[in-house]
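Two complexes are shown next, each including chain A; its partner changes from chain B in the first to chain C in the second.
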Partner chain A sequence: MSRAVVFGGAYAIAFFSFLFGPLIIMVITAFNSSKFPRIVPWDCFTTGWFAELFGNQRLMEGLLNSVIIGVGVVALAVPIGLAGALALSELPSKLRAMLYTVLILPILIPGVVLGISTIVLWGQISRGLGGAVQAGMYNGYFLTIVGQITFVSAYAMLVFIARLQRFDATQTEAALDLGATPGQAFRKILLPFMAPAIGSAAFITLLASFENYNTTVFTVLSESTFTTALASKVRHGTDPSLSALAVIIITITLVGALTNEAVQRRKEAELGGKASRSPLYANPLTRALTHPGVVFAILVAIVATVSYVGSKHDSSVCEAAILQDKLDRQAELRAAQKAKIEAQEVEQGITVPKPEGGFGGAFGGLGGAAPVAPAAPKPEGGFGGAFGGIAPPAPSE
Partner chain B sequence: MKHVTRAYRALANRHGMGAALFVAIAVTLWVVVFITLPQLSMLDYSFRFNLPADQIGTEADHYTLSNFHSFFFNADGSLNRLDLVILGRTLLAAAIVTLIDVIICYPIAYILAHGAKGVAARLMVIGLIIPYWINEILRAFAFRVLFGATGVVNTVGMQMGLWDVPVDFIRADVALYFGLSYAYILLMIFPMYNAIEALDHTQVEAARDMGAPLWRVHWRVVLPIAKPGIVSGATMVFMLTAGALAAPQILGGPSNLWFTQVIYQWFNESSNWPRGSAYAVVLLLTCISFVLLMMRVFKVSVGEIGK
Partner chain C sequence: MPETSPVSSPDRSVLLDHVSIRFGNFTAVDNANLKINSGEFFSFLGPSGCGKTTLLRCISGFSEPTEGRVLIGAKDMKGVGPNKRPTALIFQHLALFPLMSVADNIAFPLEVRGVGKKMRRKRAEDLLDMIALPGIGDKKVSELSGGQKQRVAIARALAVEPDILLLDEPLSALDLKLRQHMRTELRAIQQQVGVTFIYITHDQGEALTMSDRVAVMSKGVIEQVGAPDQIYNRPRSSFVASFVGENNALKGIVKVQSEDMAALETPMGTFEARVGGGRKYKPGDEALLFVRPEQLVPGKAENAFQATLSRQEFEGATNHVFARAGDTDLRISMVNGGLAGSVGSTGDTMSLGFAPMNATILPVGQIASEA
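Let's look at the complex of A and B:
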């Protein structure tokens, strides 16, 4: 059994290195001053790529568009998803399976197809209506929101289905028996029960809308969202400012995950009645320190300090040194080349009397089977040597 | 229809008229306006000629099969190998990526469901989710950093003396396969995990006590339970991989196109929407038939997906 545990542990480690390795390497490249995102050779430690990132006009405009679209999508997809989940809960099983298939389909349909079908349909509708309606309808914002809702609502619905399965319907019945109207029961019993799910559905739909590329790249028309601007930047050459972006996103994610972990642990400890037993919760100082709000504040403070110190870091001296180093090496190479050419010129002056062997060797290497095979293998002239360095003059027989 | 009205009445009785109306309107809107109509409209468009705006609605605007015909055949009547090969290769590559994901995710899903406990399990779940929060484009970019000509793999490999000229991993599609396998791991693991978790661990122990070797325990005890989860995950991974656009654009070799890139070109570079629509219809139909075929083979229903 222990062999299985060792094997399982080793596999888990390998798996998570595959999951995190690329991300860690990308994070490191954000701090290398090299123009290409790389780790070796390491040039200078720099924070300049962050400044470059924030200076990117197109990305920042895309960010604003993404926020606008994201808000619209959340506002529509969450209620639609909730409606879908409620409808499924009431239908008889055969119809439920059918509706479930139809509603889940947009997650599986290639995003490209969703995007195309959206612009084709709304293009036709708006052309039919014409005028001001066309301008209001046939633009990147409207089309992207409509296109994304199609599948993002299904994500929201999955969250609601999971929550609804744990709903105790007798609560609603009790409320009705006690004289509440169905509407009151809905607002006072079911909706509060769904509140956490509404929160996580809103979060998931926002993330899905923000990240989406395949559908958005068609529906956004001439505008651009954050993700499409990012994609076009990656396609047209890469530089480490994208790694800097990854650093920011990963930092936000980690802060969120750690805070969430603190919340979960506290909830668990309090629910389990372990609060009095755990020494962390008995001591008022550590109790305050492990409070999720405090954890979050500490993390934010750390991030803020690191970014402040980072923004003060000046790598220009080091970068200048690297540049100087490169220039020096270039000058060295140039000098060496010059010396070589001069040496050749001198040599050429000597070898002028017998150039045939030299040419034979040079062309023999380029042309394959040399016609003057006996002379070719051992070129003696200056040209033979000069060209020999580039293309080995050995003729293939 | 009778069932629908009955369900509507049940909703109204339990949650009130307002809630029932809201559900009815929202679901109808979603099913009809957002899901069905766009697909029908695209299908309709794929049977039309690519006409300038002023000729739409005139006599020249009638249905045609030419877009589909030119997908299968060239103008001279020979097979359109270019597009057919690209579609075939996209499906094959998506199937390979799906298979890779099934193989690498199964042990993790099993460990998560039956091996890891407490903190370790929670850390694993967080570790699985975090990469998924990072933008798809950036995940692809990470593999470009890794596999580029001056990338980490090349520099390390050359320094170790494994090869001495930079290997073009992008052109060889190595980066693409890595990036695509990486992209949808989470969607494979969670359905698998949900299915395996339902297995009572004493069954595994019983099989071990009876002397079954480890592989046999998995083959005869765990896999049958995991099957719906595997098929559900595989369906999602396959569809998303075959429909991927960003990863092939960023990581794909310049000479190997993904079928979605062909569609993208018809729309955005050639401005031939009807032809692009026809290709989108072809992609949709082949993907769905492929998945349905696989479900038939493995005897699983569509209702299992997403659970």
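Let's look at the complex of A and C:
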């Protein structure tokens, strides 16, 4: 039995390190001042990478573009998805199956294809219309919104279909019977029922729009979104400012998840009748404290405080020290090298005449394990340090 | 019904004028032709799938008849939508709005008609008083018991004072005790508001106890319309005779008919009985004789015959006796006569008889299977 426990424990640890290990490492590297994202060796604790991230013009412009495009996509894809789901639910079952496949197709088509076809189609249309319309249409914002909607609205539709399947159609009939117009029945009965699904559809479509690359990289033309900007940055090599970005994203996710959990727990307690019995809900203070709004506010306050304190952190002294330390070590190394070479010269002093010392140094540098720079022979002093092994022994003549 | 109705009582009658409803080739309602009077408590009684809901949805405007007309208050309802008809429907599963409070549910019909918030609140409270549930307006629907939901649904349907209240088996989800209680309550509410109630049920007890008149349906056809005692005592078809209440059916051949009495020859003997449904038989026609368990009396001289006692079920006030005569199983209900009232034990031969007026001869037809 104890063996099973050990194995189980080991497996659990392995599993969770596999899941969360990369995230944890990435979070730590965001606070190391080293130019390359790493934990060991640890240089200095710094918050400078966040500043570096926010200072990145291209990323920040992309972020703004992503927000603009995301809002546009949500505003259009959610109603389109809702309309599609409602239309499907009204159709006879044979037609429904067919239309369902058609509406789902954009999800299955590769994003690259959607992106290119969006440019081609709208390019044609806008050229046909010409003038100011062409300028308004054939730009990165419009094309990206249109291109993303083709498949993002299908996601929204799936969310709505799932919710609609749980809707009791007699509710609408009851509303009509009690004198509501079809419009009133929709607004007062169906829409409130769909409200949670509208929330999740908006969230999912926003995420899908934000993180999309395959389609966007074509449709965005000369602009860039956060995701495309990030991708081109990564192509030129990573630095810890990306880790800082990861920290921000993880923080947002955690705040969202915890708030959501608070909402769910409260709802469950209220529905299950637990709320009336729980001492947590009896006390007005704890009841207020566990309210999702308060939980959210507390979390935001914590994040804001940490961010503020972090932004005041100055690691320049430590970094200067590290830099000094590095220079010192370099100088030390150089000195050690010099000493070594001198020792060699003394040893070989009889065979090698003194004036050709430069040559000897160059050869010695090639033969030995020492780096290029410190191989300079004694007489050349600073010069030798600068030109190293490649310098010809000209001045010695 | 001459209830204490409002001063100028509106015409709250419903006329089904040769109404047929078909789904493709399938006829769900076949030529329904009857008038439901203003202020009446009228029930449609029939087994599952006989077309009751279909007919009700047609009256409330969710579907149009394939043939015939529906008139409410003498007005043809063709093309009038459910939200424009003076009817309110209480659904089989009530269809209360779970996202609204009880008061908002009840005031919904007022809200969609643009009545102000204060007025709505007031009316909701009045209605809650009427259904004897004051002060629950702020509760959620999910916090109510089955019977409370029931009454809230009725209050909601009555909020704008419809002329016709349609109820689709509203009590079927409740347990027996509550069902019996709600029967009386429904009847009381109906008499209080004077609205025409059209009530649907497959429970004959419900239909008989509450209704002014009952229509018995089978397979889309309205077999008989009449007051509960008429339906019970004067069935016009073998379906009605076998569906409403317990009945014994004896098969035989008509020997002679004179006016509304006839003699039927059965394997157990020749019996005289009333002819049901004003029909004419020729001697030699096959027919069924229906006699209720409580009409079979031990030792009665009229229509006497011998039977063998096979089993008894004692149920306090009544004693259900099962006997066999020839190849027919009979059911006899006897009032408990105390210690002296014993009928004997299994295997005993007993003599039974019944009054000719209390038995009905009907043509051979559909027999409702035991539910």
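Quick note on the criterion: the second predicted complex is superposed on the first by the 320 of 397 C-alpha atoms of A that agree within 3 Å, B and C clash if a C-alpha of one lies under 4 Å from a C-alpha of the other, contacts with A are read in each partner's own complex, and residues count from 1 in each chain.
Basically, a residue touches a chain if its C-beta (ideal position, glycine included) is under 8 Å from a C-beta of that chain, and two chains touch if they have at least 3 such contacts.
Predicted, not measured: the structure shown is a model, and the values here were computed from it.
When both complexes are overlaid on chain A, chain B and chain C end up sitting side by side without clashing. Residue contacts after overlaying the shared chain place A:S243 against chain B, while chain C stays out of touching range. In the superposed model, B is the one of chain B and chain C that contacts more residues of chain A. By the document's definition of touching, of the two partners only chain C reaches A:F193; chain B does not. Once the two complexes are laid over each other on the shared chain, residue contacts for A:A288 go to neither chain B nor chain C.
In the superposition on chain A, A:A335 makes contact with neither chain B nor chain C. Look at A:G179: by the touch rule set out above, it reaches chain C but stays clear of chain B.
In the superposed model, A:T170 makes contact with chain C only, not with chain B. Remark: least CA distance from chain B to chain C after fitting both complexes onto chain A is 9 Å. When both complexes are aligned on chain A by C-alpha atoms, chain A residues 176, 181, 184 touch chain B in the first and chain C in the second. Within the complex formed with chain A, the residues of chain B that make contact are 3-4, 7-8, 10-19, 22-27, 29-31, 34-35, 37-39, 41-42, 45, 56, 104, 107-108, 111, 115-116, 122, 124, 126-131, 133-146, 148, 150-152, 155-156, 159, 182, 185, 214, 235-236, 239-240, 242-246, 249-250, 260, 263-264, 267, 273, 276-277, 280, 283-284, 287, 291, 301-303, 305-306. Within the complex formed with chain C, the chain A residues making contact are 168, 170-171, 173-181, 184, 188-189, 192-193, 271. Chain C makes touch with chain A in their complex at residues 60-62, 81-83, 87-89, 91, 93, 95, 97, 99, 108-109, 111-113, 142, 156-157, 159-160.
Contact residues on chain A toward chain B in their complex (touch as defined above): 4-5, 8, 11-12, 15-16, 18-23, 25-26, 29, 36-41, 79-80, 82-84, 86-87, 90-92, 95, 97, 99-114, 116-118, 120-121, 124, 127, 146, 149-150, 153-154, 158, 169, 172, 176, 181-186, 190, 207, 211, 213-214, 217-218, 227, 230-231, 234-235, 238, 242-243, 245-246, 249-250, 253-254, 257, 261, 264.
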